[in-house]
Amino acid sequence: MLAKHRTLMTIVLILAGLLILPHYLKYHQQDFLIFLVVNVLVVASYRLVTLTGEWSLIHAVMMGIGAYTSGMLTKFLDFSFWISLPLAGVVAGLTAALLSFPLFRTTQFYFLIGSFAAGEAIRLSWIHFIRPFGGTSGISALPSPELLGIDFLEPIPYFYLTLAIVTACLVILYRIEKSRIGLTLHAVHWQAPLAESVGINTWNYRTLAFTTGSMFVGIAGALKVHYIGTVTPNQYGIGFMVFILIWLIVGGYKTFYGAILGVIILSILDEMFRELEVIRPAVYGAVLILFILYLPDGLESLPQKIASRIKGASPKGSHS
Amino acid sequence: MSMLQVKNVSKQFGGLAALDNVNFSVEKEHIHGLIGPNGAGKSTMFKIISGFSSPTAGSIIFNDSSITGLKSSRIAEAGIIRTFQQTTLFHEMTVFENVLIGTHNSSRTNILSALIGSDRKRQQSAKNHAMEAIRFMGLEDRMHQIASELPLGSKRALVIAVALSAKPRLLLLDEPFAGMNPEETNTMMALTEKVRQSGITIILVEHDMKAVMGLCDRLTVLNFGKVLAQGTPKEVRNNPEVINAYLGGGKST
Amino acid sequence: MELLVQTMVNGIIQSGFYALAAVGLVLIFGVMKVVNFAHGELTMVGAYSVWFLHAQNDMPFLLTVVTAVVLVAMIGLLMERFLFRPMTDSPLGGLICSIGVLFVLQVAATLVGGEGPSKQVPPPYEGTLVLFDMLRIPYQRLFSFAVAATTLGLLWYFLTRMRIGWALRAVAQDREAASLQGINSNRMSMIAMGVGAAMAGLAGALMAPLTNINPHMGHNVIITAFIVTIVGGVGSLPGAVIASVLYALFHTFVTTYFSGTIATISGLVIMVLILIVRPSGILGKRVTE
Amino acid sequence: MTNRTIDNNRRKFLKQAGAGMAAVAGAGMVPLRSYADDTLVVGMNIPMTGDYAPWGLPGLYDCEIIANNINAAGGVEIGGKSYQIRVAAYDHAYDTEKALQGFKKLVLEDDAKMVMMLGGSTVASVLPWATRKKVLTTTLLPSDITPDSDYLFATCESHPLYNVTGVVWLAQNYPEAKKAVIVTNNDAEYGLQSAATYKAAFEVAGIEVVDVNLHGFDVTDFAPIVSSVLAKNPDIFCMATSFYVTPLMEQLYHQGFDGKIISCTLDYYEEIIAKTSEEFVNGTIYQFPDFDDPMLNNEGIHFPDPGGFDAAFRKDHPNDWSAVAWEYPAILLNWIENAQRVGSGESEDVAKYLRNNSQNFVFGGGDWWGSQLWGLDHALVGRWPVVVIENGKARIQEYGDLSAWLADHTEVLVRHMKELGLRTV
């Protein structure tokens, strides 16, 4: 009970800190904070997809689907942002549900490559079909959200909007993981045949995770483009997908917090080391390799590892 | 009426017949042994009954309805639960979590009710049910241990506990006695008998003849994908073909 | 008619590059069960080596091709020894390491070549072969194709007629069974990675005088190699070669008569369809239970 | 050269690594840095890494040359006060997210009075903010102009409009060439804009366009594309692309094309000659002069000492000259000139002046244009050179009158832009 209170307190403190934080940041850092919060949702939703043990390479494109959906609805059909935002999630989710039929006939390596191929095909379609997707330059001058005359072109109001929506999404994602469904997803991951033997339809649960994860990343996509005001196909290429993978792995994919930790720490480091210019990707690459070799459970496992090193005892296995 | 009827089941792999026109039936609340040398087709038969594989020909009737070719999860819902050779468990999870997953059929939920908590009652009863299975198999002291850290006997008990929590009507046990010492075997035999006493029908694939002879009401002997003999343990033991082909003339085991 | 024949020739010549890149990827995956995402970058390093040594420092072309192959093979061996081998038990681990390598190699290329326009290598073999007054094949392309075809032939001989090739295939089929027969599977992994990387390097070196050389050129290579690998069957080397020819012809024809992007999109869609209908590819063995 | 590149890069890296450490040490809530009030900061929000780096980085080198020269000469006098010019650059690697962040950083932290950008989606992403905050922004792509982009100006490059001057010259000098094919990458920022312009120019010149091949950025082999369009037996091969000129030229050479070649750019043409032959490349028509061209000393050219500038650039960066190399400096010089005229470097003042006054375009002439196509007259057009390779060297043939062409044929241009799905008012 005490532990639970402490966790709750920590979360409240973090949220309170986040509420004040932007007022102490420089203008462009406020932008950075908005993108960071969005990326937290991206990586947390990706974790849901990977819970069943299937690593997809289409998550970035799913984000793009949300972005394009919301962008096109608001720009061409005059939808309100407040309607296009959930619809962005729905369309991304539906796409994932449809793709589940072919993709989940395969697993592991085949799924990975299949999802990559499907994603590239979608992304190349955005480039090729200039009507309606706008080709490589995408769609620009997307409208900002409107609510009570608040100016969402300013970073601080948009930050609060993003923070509210992302927090709500994270709460939902967390509850899904801690629920019966989360337990079942873990079961599908660790022992698919055994799960089948007690009546779990593994295909259904893989699809469920894939669809739900895609839905949330679709929302993240919409959130991001209505701040930038432009959606282009190159934002959602394999490059961004690789970043999602890196955040998850460096942070630690085994726990809910690990992934979030990964995206926050790496993004801040990345921003600090902007000056490295051309070297930056190599630093990322090296960090990725070092983590997978020496800290495969990610940053999240670091305190425990250090503690056990100090005590000289082997870490006691625990499970969330 | 038998609980399970296997009718003219054949299974081809390429040109090879793993099962060739197999027929047998299992009576309610029996322990039915399925024995035979390695490669006789026992595992294939198991996979076909539990839906992990579908037969090339023939049908499986469970409580008067055909379950031939259904998905394994559907068959599990119908009440046929299998275990796996060795100790196939959710090794990373605790004993309790393992068993809780077993209760899937009675506790499944959808995202919405999981989020708003409207399935709380259901989840609570699933937990109670899981506890029952744990107590039944005598694992209550190890409830919060990680499965991979259990001793072999407890692992095997847990395998059965997971299956039991899925509320089977027919339980398929795949070599539950393999690699056990005599003491563990005795404990396991008692547990298996206890499961049957609770009203669950069992099909047992096993090489340990002591356990087979001691537990089973009826036996079906497979050899090269064909039924070699059927009957009570006594009948089978005295069947000259079986002695010849399988027991290799040995007097006892 | 003229266009049809020219397109045919264009496609067949292109297939040589596809096959070199894809065969390496298949070999590495077959033996080590690692998806080498950096395979395109190995090709890029091959091309960069030729640019650096031949175009910038006047080393004779053939010598630079050999040097490029050796260099890329060394990179492959290092990857095997220090990244893939420690990751043997984690299939995703190898993949992620290769993504890390991908970034490092791209940056290395940028440092060597500088940020700037794509690099160009003047073709050492000038002139164009004109057949029947209508077919035109630049000698440089002809040379590249001949080398690619010869190399693939040698690889085939190596895999089917030599003991070590046989051992390699045994490991690809069943690592455990192979080690029970006394085959050193670590050694086989090194050979697979060395040969696979060398072929990628060769593909890049041969491509160098014919294409824009830049640090990101590997992206298109890996997409093509993936498509070819899946279409041909993940474990199958002959499948990869046949799929290379088919895909190169398909891509070239669609590019000629429709558009390049449509060609790539339909290639990707075909790949997904094949995953559904026949995950083992056109020549791969069906996955048995 | 290569050794030097490595050396330079390493030095740059070490320097930057140091800066990175400093940034880490001083990270957190740092107050706005303020510069001495005798310095005017000009921002460059450009790609310095990645695929688009060739169209950003050379511009930075140039602007630094220009700024250094100015500062060494004692600065510029604006409003009766002497200022040093400082160029602040941000690498957005052609990413919209980073472009927005970089833009704000340049304006709010570096206090940039004007921000130069390459164009395209990166400009689109900063436009709402720049317009609201009234930040003077320049682009090399006039097609970025929208009806609301009050603070966005294209003061130098008239992409893709200038293509018409090459076609006009081609039609005059080679009247027998009657059939053209166009090849380009299918993006709405560069390739398609050019393709539409060429189509319009060919139509006006009475040249039939027999095939338009739009390809993606995923093409590695250009043989099939060239085979495909050459099968139409064109007299003119037109490249509306900038990315793939070299491989296309190479294929044309190998597939024996002997008609006229016309292109937007012919960057690094020495390399093309090395891959084909001088004889083959000679006669190719395009739009971007070398700055050692004697014709740049003609009257009406509004660029100080082009030859000296060219020499200075090539001394430091012998292999980096590209079409954009002189454009950013031209924009910078134009801005300084206007600031001097207004007597203020402030964004709003200069923008207001730009809106209301005619300008001296770099190649002569200078009218504001664009409202018929994009909704605002914020693109500066004037004369534009037609360049042809002669004996392996780029040489200006004439200065085409772009303004005149636009005055007569804008409807044709708008129609072709619409046909290709491009944004028009």
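Note that the chains take the letters A, B, C and D in the order they are written out, and that residue 1 is the start of every chain.
The working rule: a contact is a pair of C-beta atoms (placed from the backbone, for glycine too) under 8 Å apart; a residue touches a chain by one contact, two chains touch by 3 or more.
None of these values were measured; they are calculated from a predicted model.
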Chain closest to the assembly centre - both centres taken as Cα means: A
Chain whose average C-alpha position is farthest from chain A's own: B
Where chain B and chain C are represented by their mean Cα positions, the distance between them in whole Å: 49
Geometric centre distance via CA averages, chain D-chain A, whole Å: 37
Separation of mean Cα positions, chain B and chain A [Å, integer]: 41
Sites on chain A at which at least two other chains make contact: 124, 127-128, 278-279
Contacts with two or more other chains, residues of chain C listed in rising order: 110-111, 115, 223, 259, 261, 264
List of chain D residues in touch with chain A within their complex: 9, 12-13, 16-17, 19-20, 23-24, 27, 29-30, 32, 48-49, 91, 94-97, 100-102, 104-105, 108-109, 120-121, 124-125, 127-129, 132, 146, 186-189, 192, 216-218, 420-421
Residues of chain D that touch chain C when the two form their complex: 1-2, 5-6, 8-10, 13, 48-51, 53-54, 57, 186, 213-216, 218-221, 223-225, 227-228, 231, 244, 246-247, 250, 254-256, 267-268, 271-272, 274-275, 319-320, 322
Residues of chain A defined as touching chain D within the complex: 24-28, 31-32, 35, 124, 127-128, 130-131, 134-138, 140-141, 144, 153, 224, 228-230, 232, 234-235, 272-279
For the chain A and chain C complex, residues of the former touching the latter: 55, 102-103, 105-106, 108-110, 112-114, 116-118, 120-121, 124-125, 127-128, 238, 242, 245-246, 249, 278-279, 281-282, 284-289, 292-293, 296
Of all residues in chain C, those that touch chain D in their complex: 2-3, 6-7, 10-11, 13-14, 52, 56-57, 110-118, 120-123, 128, 130, 136, 138, 141, 209-212, 214, 216-217, 220-221, 223-224, 252-253, 255-257, 259-261, 264
